[in-house]
Every structure is written in structure tokens, then in C-alpha cells.
Amino acid sequence: MGVTVGVFGATGYTGRELVRWLARHPELRVSFTTGSGEGHLAHELGLEQPAEAYFLALPHGIAARYVAQLHARFPAATLVDLSGDLRLPDAPSYKLWYGLDHPAPELLGRTPYGLTEVFREQIAGARIVSNPGCYATSVLLPLLPLVSSGLIDSTDIVVDAKSGASGAGRALREDLLFCELTDDFSAYSPGRTHRHVGEIEPLLSARAGAPVTITFCPHLLPVKRGILSALYLRAHSPAGEVALALRSFYEGSPFVSITERPPRLSDVVHTNECHISVHEAAPGRIVIFSAIDNLVKGAAGQAIQNLNVALGWPETAGLEPAVRR
Amino acid sequence: MGVTVGVFGATGYTGRELVRWLARHPELRVSFTTGSGEGHLAHELGLEQPAEAYFLALPHGIAARYVAQLHARFPAATLVDLSGDLRLPDAPSYKLWYGLDHPAPELLGRTPYGLTEVFREQIAGARIVSNPGCYATSVLLPLLPLVSSGLIDSTDIVVDAKSGASGAGRALREDLLFCELTDDFSAYSPGRTHRHVGEIEPLLSARAGAPVTITFCPHLLPVKRGILSALYLRAHSPAGEVALALRSFYEGSPFVSITERPPRLSDVVHTNECHISVHEAAPGRIVIFSAIDNLVKGAAGQAIQNLNVALGWPETAGLEPAVRR
Amino acid sequence: MGVTVGVFGATGYTGRELVRWLARHPELRVSFTTGSGEGHLAHELGLEQPAEAYFLALPHGIAARYVAQLHARFPAATLVDLSGDLRLPDAPSYKLWYGLDHPAPELLGRTPYGLTEVFREQIAGARIVSNPGCYATSVLLPLLPLVSSGLIDSTDIVVDAKSGASGAGRALREDLLFCELTDDFSAYSPGRTHRHVGEIEPLLSARAGAPVTITFCPHLLPVKRGILSALYLRAHSPAGEVALALRSFYEGSPFVSITERPPRLSDVVHTNECHISVHEAAPGRIVIFSAIDNLVKGAAGQAIQNLNVALGWPETAGLEPAVRR
Amino acid sequence: MGVTVGVFGATGYTGRELVRWLARHPELRVSFTTGSGEGHLAHELGLEQPAEAYFLALPHGIAARYVAQLHARFPAATLVDLSGDLRLPDAPSYKLWYGLDHPAPELLGRTPYGLTEVFREQIAGARIVSNPGCYATSVLLPLLPLVSSGLIDSTDIVVDAKSGASGAGRALREDLLFCELTDDFSAYSPGRTHRHVGEIEPLLSARAGAPVTITFCPHLLPVKRGILSALYLRAHSPAGEVALALRSFYEGSPFVSITERPPRLSDVVHTNECHISVHEAAPGRIVIFSAIDNLVKGAAGQAIQNLNVALGWPETAGLEPAVRR
């Protein structure tokens, strides 16, 4: 019994995290996990009894091609794509931010964006869900409800984001060696170069009903997991009202909490939670902190949350917080 | 031979760092170091042959009292105060930010602020120098030359700062235990509550010729030493011109470098250097990164640099970079 | 429904870990948690409907007094003492290793030692269980089955043990500050001074039927949790046979695994597991590695495991591995 | 003025450390540094005015070939080889431990082993010096003086060694990624497989006048630099006498200290020092701790120390402790 699920790309940090959480899910049974997966895709496509759901934790440029083939062959299966391939609104944007022709442009514009708390209705019943990026999740959860609220000035948004090293994946890059990262800290991609900018801005613009441009700068922390973003905003209202608006928006969303004190990474790592706090920063300016685990709410956990919603299960199935810290 | 120097408060992280650097200084001979020092102050005040220079790495509220007594008794001695006592312009500001009546208000307004590269002329020959705070150093070095330059909008300044744990000193506080800090990261003092705001704004305002208000938010990094500040500014000129202006301002300042890529903590720790880079961040907005070692350029190293300048020695005496990393 | 349990001393690292695991236990309901607890002890002793089980995570010297009073008043309740008070065989040993007169000597010699896998039969049905020390757990699990096996020379045992910082508790000690521990590593208590020596040797001697003396040296690792012990032994048999003997002894013990490669801390942290490997080290000598989480199998987890056994429940209740790493 | 020195292999962690220390050396002038260096070797061999000294921080198997060619062409130049190529006594041992035919067997048996404090006389005036391995340095400094002293039992030596990650070099290996090493700890090469065993035993045997076999097990610490070795020995004398013997042996050796308390990594990192302490461990057994910086006394620093001795300069030239920690 249980719904069968296959995992393409189970050897990276995201894939391994996914497999560990899936092992605890009461409704799911993992039917296979692959590394690169090209061989297994052909095998799977030839089956009479395929898996009923698939997670794709594959590199961008490859993932959408898999999604297209799986969806064509098994239209009843539910697919959650954890790559960046289906996050942008159209092929030209993809070309701009990823430097590639889109491998399956027909999927764009009709695949719901899996920021579960915000797009629950579109995700329910969907056959394909595009799982958000980790930075994008940490930025959009506090920001999306606000850009259309009249409480803040959507033309003046500065995001200073910091991520643990697992966000860069398991690549054999010299800058990811222990001796290069430990005791150190720095920014990277300081200009408009990080792909998550291309993911965040269209969603904010659509919500705001006007083009929104953000200043976004990511940093690399000497920790394994966790993202903390600081959002500096011009506000038309006091911090307390902004907090209230967020609290009201996320009522009924068990994984999002609006807290009094600034969240710490240790409040959220190894959970699917996002903790958000709002503070006065200067006259007319507020700062919002947003903390998630990049591998859970920023990847594997939210992917499972999206599958839960797509299949009509309780959103928290298999995602109860573990004993930790 | 050599000038004799006494160190009050040599047991904290700053004091210990000071003693280590002093041991390498070619012109200085340490005549004593104390912990709390109350006893030694009396002893010193009774001497016929006191030290010729003093560093005071004492808690605020105590330090200025020591400075006043030493200066009254030995007007020819050179004093560098590493506390916050002499950094603010007047007693009411001190009361506001430190919550105390100032212990020696007569010293305020006539003690040069020891951001060496900017106030070299006032420091030369001075008998008392107020050594800047660590965050303030990392923020003011890039910002002071710019607020009067016309290159940036001085009414829109956001600073997201991150410091290693030694910045909080050697206090026995639970939040400074290894198990509380390792693998973790968070902001603190998010509003206008950090004392360095009270130190930074008057200096910027004086330079700009108009009140300057900043948004400043400090974070605690799970590393021992180093500060990296990100300054988000509205610019009237491209990042390249801003970099050029800084490069020109700091020509002849051997400890400040304007770099191409964003500085890493590991570029500056265990040195008296400040590395600064400037980047386009979004249309009309730039980001500036500034990295120092909080215990060296942010405390002990700059204190020695100030003594060097006050006594007319080469600014770099005893501060050549050590073998490190 | 569910058995009610009270926790004395829930604010240290062990107590907090205990509370987190208890929250997941299907059969237990926490009726109270205290910090120091003196006040609550009196309150509890006055109740008509006390808790049915108690965990005591209190300092040694205090814990046994609590145990004695709770046991006298509520003889049907099950008590698990996580302190060192009930681990030694008699009052003189306690005086020797802890420097105190024993607060309740009548409890010694009749309280089973809660190394669950080895003393399951004595623990079943017991009203008081003495939970082992963390180092002792990591050393005794591999060693106890061997000292009476004829496979090793019990007169030549060297243990080099390394523990994460949470093993030292949450005390405000300067040597536990982040800046003192990070990037560092050292041994402590190098001679026969660590209390766990006094705990380990009597148990080994009783099993071996002859006095056993060990060389034991603990080290402090710059990590939050985990113990890895290396045991250097003279062997009368090859490593493979020793491994086989351990595998056979721990058959049916779900939390102990004999592995091929040397265990890493990351294999066991956040679990109640102990991983053990055996290797040839030199002619006639083997090395055994043993890894546990000091806060789980070395404290809170084993305490729950002992309560499970004492009450006749499945040994693994509430201790299934969480999603982690 | 100054002796010119060339560095082959300056891009690894050892090579970079070497270049940083050389920059401070008062008598040396770096004439070139190379990465792989094959091209530069040909260039250098063709010069009329070559460098007067060379450091070779190249992979084993390559280094000895370079040494042979440089020595043949420039017999007056002084060469320090930091690889393992010239550390073993003969070609069959090399084949056994490194799995290669020795590239220049004629150099073996006549090249002094650069454990400076022990082999100073052979190193003085030598044209080729073989720089010891990092673990070997930490083990041999305390052990060599003892095996011929009658104070310990040379047939019963257990070494439990722990090294920071830079000891494994700058290789792009998955097990050296930040996310794999941080928060973790484990042993590796538990049997008689680490090459430093093959380096240590012949030197101990020669000194003892009888074959000496050791039990040696290395571990990987989550820190960047530093080695701490624990040596468990059967002693015929109390720890105090052993300490005295070491103190007497190293009198006049400025980089070796016999300390009272167990050394910490932080006592020695960024210095060329070795700190050693001796303690009673159990009846008839002592434990010796030995701490070095693997990149300095274990590699680059000792290489400079050896060049100093070979050229008749003060042993400490260019190696004075830097300001650090």
C-alpha cells in the first residue's frame, strides 16, 4: 500500500535529504532512486507499472527534458521538479538567466510555482509542480504578501542573504573545500547575476501589478545548512502592522511562523519551517528576517509539501519536525 | 631604549591581541600590563618615571576616568582609549547610547577620533586619541569619503554587518558558548539600538554637512574574528567611479585597499588591513563590501597605528602583516 | 492516556534533549519539567497523583537525594537517574571519584546499571535505573562483551576518547566559550582523574572476574555533539573474529551496529545508535572504534531506552531515528 | 643581496605556506615559484645563473626526479625536498609503501632526514635534505630521544594522531568538502597502511638498535591546521623523569618546548613550534602529547629551518613567531 514514488538525482545533498524524509512519509513508498538517471529514465518509460509520482533533483537543462518525457508517457503521474528549469515565466527569461535554450518551453507558463503557502490552489491537483529555489523561498515568503498590501514601498527592496554551504551542492569545487570555507565569510554574485533574481522579480511584479526590481546579494556562511535573509524595506506602516499582516496571511499555514525576536538558523534547520520577524530599522524603514533550512523548506521538504497538496493529502504529512539540534 | 608603554585591561580578547602586537613593535617596550587595573592606576599615578604611553582596553564608564587621571598627572604621556567613552560628540549623546552620565565630559569634543586614515592630521601630536569601534571602522572607512563627494545619496544608507564572536568580548555569557554559536547565525540589535549607530551617524553628519541617518543591522557569525559589512547605497555615479574616488582618497594609506572582487574575511584577519570593493547592485544602486579584522584594524592594530601617528613614527611600525592563514 | 513522566533538570543540554525526544514518544506524556527543581520536589512529594515515571537530569550529589525521596514516597514509580550518583559500586568509590560522601548509600549495589544492551534483564521491572555516563557507554559497549571472551588481553587496554563540547554541559566556563574552542583541540584529565574511569573499571573487573585497569584519556573536539573512542587492545584472535563476537553479542540489539569502515560522528549524531568497527592495528594488536551521540545514546536516548525496558515496552519506542544530517 | 631560492609546487597548501614564510626571511630572496613546474624545470636547468637553493613541494614520484636533475646540474645548490620521495631508507621500502619504483634510488641512504633538532649535524652543509612528513614530525620529536634511553619499552608504542584538514592537501576530493568535514570526526587508515608508518619505524629502529613496530592510527579533525598526537607508552620510569629527559635533549632547541599541561592546537598553529607534555596514564604507563602545525613545523617551517642549518645560518632565521590567534 502507499503511493509509489521515484527519485531521479538522489546523490546530491538535496536528493539525499529527500530520500531521508521520504523514508518517514506515511503515505509514500520509494520505488527507485537514481544518480544521473539517463539509463533509468528509458527503463521507467518502458514500464507498464510506473511510479505514481516522481521527484526530479537533476541539474537544470536536463530536468525539464525528463519532466516532458515522463509527463507525455504517464500523464496521470505527479511530477515535482526541483531544478530551476520550470521556475521562470518564459523561454527568453530562461535564456537570459541560464544561458541555455529551454529544453521544454511548452511547459512554461502553465506549471504552478510550488511556493506552497502562496500558490496552494494552483498546486492542488496539478500534475507538474515547479519547486522554488532556496533563496527565492526565503525571500518570497515574507515579500509576496506585502508587495500588494500597500504596507511597503515595492520600488525600494534590498535583500542581504546568507546561505550555508550545502546550498552550493556537492560539486567538487575548490571554493567548497573545508579549508577554503571554514573560518571564512564572503559575498558572491553581488550584481544582478544570481539566477534567483530572475526567479523572484517576475513573481513579485505579477503580484504587485507593476515591475519590481530588487537589490539582492548572497553570501556564503561557514555552516552546513540554513539560509537567513535580511530584507530592508521602506514601509508606509509600523513594523507591528506589517507583522500583523504576515501573521494574518499565514494563519493556517503550519510551517510559517512570525516571531518576536530575530530567528536563528538553529530555530529552523532540519525542519520544513520558515521563521519570519519584522523590526523597525530606521525612520520609515523596516527590516524583515527570514530563516529556512535550504535543504528542507528550500528544497526537499517543500517538494514533499507540494506533492502532499497536489495529491490532496494533509500538507504536513511526513514533515513533522524531527528531534534535532 | 624604546618608548615605554603600559596596557590597562590586557586580559580580554582586545587586550591580549594588543600585547601580542606590541611584542613585535620595534620602538615600544611594554612596561606593564594589568587586568582590571584599579590598583595599578594608583601605583602608576605615584611614579616619578611613568610609562610614556598608555593603552586603555577597559570597560566603558571606567576608561574615561582613567584617561582623565593619567592625563592630569602626566600631561606629556600619549593615551589611546579603546573603549567607547570618548567616541561620541557630547555628554547627552553618551547618556543616550550608553545609559550613563559621562565620567569625564571635559574630554569630549577635543579628543581626535582615531580613524587613522581620515583624521591623521588631528591625531598627529595628540596626547589623547579615541580609538573607533570595530563596526564603526568597517562602515566609516568606505562611507566617510563618499558622503561629501556627491557620488552617493546620503539619505539612503543601509548597512548589513556581520561580525565574528570575539567582537562580543570574553564575557561568560551563555549565548557565547561554543554549543550556542557553532553552526548558527542570527541578527541582533535590529533597530536603532547598537551603540555604534550613535558613533557612526555624528561623524557622517559632520562630514556631509547635514544630518545623516543610517539603517544598521549587526549579525553574529560562527567564526572567531573578522567583520564584513555590506553597504547598500543609492549612487549618482557608476560603481567604477565610486571605486575610483575611494582609491584616490586612500592613496598613500597602506592599510586600505580597494579590490576588484568582494573581500573575504580570510583576506584581512590577523592584519591591520581594510579591504573594500564596490559593485553595481541594481539600477541606481551600488553595494560596497568592507572587511576588517575586528581585533586588529577594529581595535588593537588601529590603536597602535594611532600611537605611531601621534608620536610621529611611520604609520606601519610594528604592524607589518604576519605570516598567516 | 499514556504514562505520565516528570523531568527534573530540564534546562541543561541533556535535559533539553530529553524533553525533545519525549515529545515524540508514543506512550509517554510529560507532566512537568523543572530547572533546579528543589521547590518542585516538595510539591511533587505532596501529590496524591504523582507522575508514574521520573527522569533526573540533576547534578551529582543532588540527584541521589531526590531519587531516595521519590522512591520512598512513590515506590511504584520508575526512576531513571542520569547523574553519576548511582553508577559506582559503593560509597568509598564514590568518595574517591566524586570527593563527596554519598547522599544515599543505601541505593548503591542494588540499582541496575542502565547499559541497556548488556543489563537488560536487571533493568526489566526495575524501579530505579542508573543511566551510564557518555564516555562509559562508548567504551563499555565494545569492551564488556570482550573482557570475558578470551579474545583479548584484559590487562592491556588503552582508550583514546574524543567528545563534542555538549558533553561538558551548559556551564558558563571560559574554556567552553566559542572563541576558546573553535579551531582548537586538546586532551584533558590525562591521568587517572576522569570520573568515568571509576565507572568503567569496576564493571569490566566484575565481568572479567579479575581487576581490570584501563588507560583512558579524553579530548575535547570542536563540534557540538558526538563521542568517538579508539580502543587499542592486545588480541589473541584476528580482528575479524573479534568483530564476529561483537556482532553475535549484539544480535537483537537494534541500536548497536558492527560496521566495516571506521564510524564517523555523522553516522550516529541525533540517533540512539552506537556504531563499532574492529581493525587489525599491528601484529597482535587491534583497534576498535566506537561512536555515539553523547546526548542521545550517551544520555537522554539511553534513559528513555531504559524506561522502555523497565516498563516492558518495545526497547525502541520513541527512539526511531529522526531525519537528520 | 640575499640568497636566491626557487619554489617548485607553490600552489598547494604547503607551497603557499612556504611562500608566505619566505617573504619574511631576512636572508632569502624568492627568484621564482611554479605550480606544476615541468616547464620551469627545463628553463631552470638551462640557466647560467640559477637559484642558489630550491624547495620542492611536488607530488611524490615526481619530486625525486627533479631533485636528481637539479643536483646533477647545480651540485652547489641546496635542495630541500618536501615530498615523501627521500624519506624511506631504500627502494624496496619505497615500493612497499608508495607502490612505485623509486624515481632516483641513488639518492636514498645518503640524504639526511630533516628532523632538524635530531639530525642537525648531518643537515649542516648538506646539499640535499629530505623534509619529514607532518605526522612523522609530531611522533618522532617526542619518541626518538626515548627509544634509546632505557626509560620506555620500545616494543609497546601506541600512537593516536589527529590532524586538521590541510594535512590532506588541496585535492578536489569529496571527503574534503566543507559539508563532509564540518561537525564531523573519524579515523582513517586504521591498520598498518599510512605511509608515515613506513617513515617512522625505520628511524625508531635505527635509534633503538632493534626493530620497532608501532600502532598508529590517524584521525581527521574539523579544523584547518594542526596535529595533536597522543603516544601511549609503557614506561620504566615516572612521567617526570621522561619529561626531564626530553627537556634535556631539547635544551638549545628553540622550537621544542616540554610543557606542564597538555598542549592545545592553538598553542602552536602559525608557528614552527612543537609542544610536548608527559603524564602518568596508568600504573606503568605514560601518555605523551605532541602538538605542531602540520603546515609549519610539519612542512614549510621545518623546510626553512633545514635550509637555515644547511647553510649555516641561525636556525630561527625567518621563523620567529608571528602575531596570531
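For clarity, chains are labelled A, B, C and D in written order, and residue numbers in each chain start from 1.
The rule is short, and it goes like this: contacts are C-beta pairs under 8 Å (C-beta built on N, C-alpha and C of every residue); 3 or more make two chains touch, one makes a residue touch a chain.
Computed from a predicted structure; not experimentally measured.
Participant: Report which of C-D and B-C is connected by more C-beta pairs in contact.
Facilitator: Pair with more contacting C-beta pairs, C-D versus B-C: C-D.
Participant: If we define chain centres by averaging CA atoms, which chain lands farthest from chain A? Would you check?
Facilitator: If we average the C-alpha coordinates per chain, D ends up farthest from chain A.
Participant: Just give me the whole-number Å value for how far the CA centre of chain C lies from that of chain D.
Facilitator: That gives a centre separation of 40 Å.
Participant: In angstrom, rounded to a whole number, how far apart do the mean CA points of chain B and chain C lie?
Facilitator: 48
Participant: Where in chain B do residues touch two or more of the other chains?
Facilitator: Within chain B, residues 182-183, 222-224 contact more than one other chain.
Participant: In their shared complex, at which residues does chain A touch chain D?
Facilitator: 13, 165-166, 170, 172-174, 176-183, 222-224
Participant: Could you please specify the touching residues of chain B with respect to chain A in the complex?
Facilitator: On the chain B side, the touching residues are 158, 160, 162, 183-188, 190-192, 213-215, 217, 219, 221-224, 226, 228, 230, 232, 262-266, 269, 277, 279-283, 285, 287, 289, 291.
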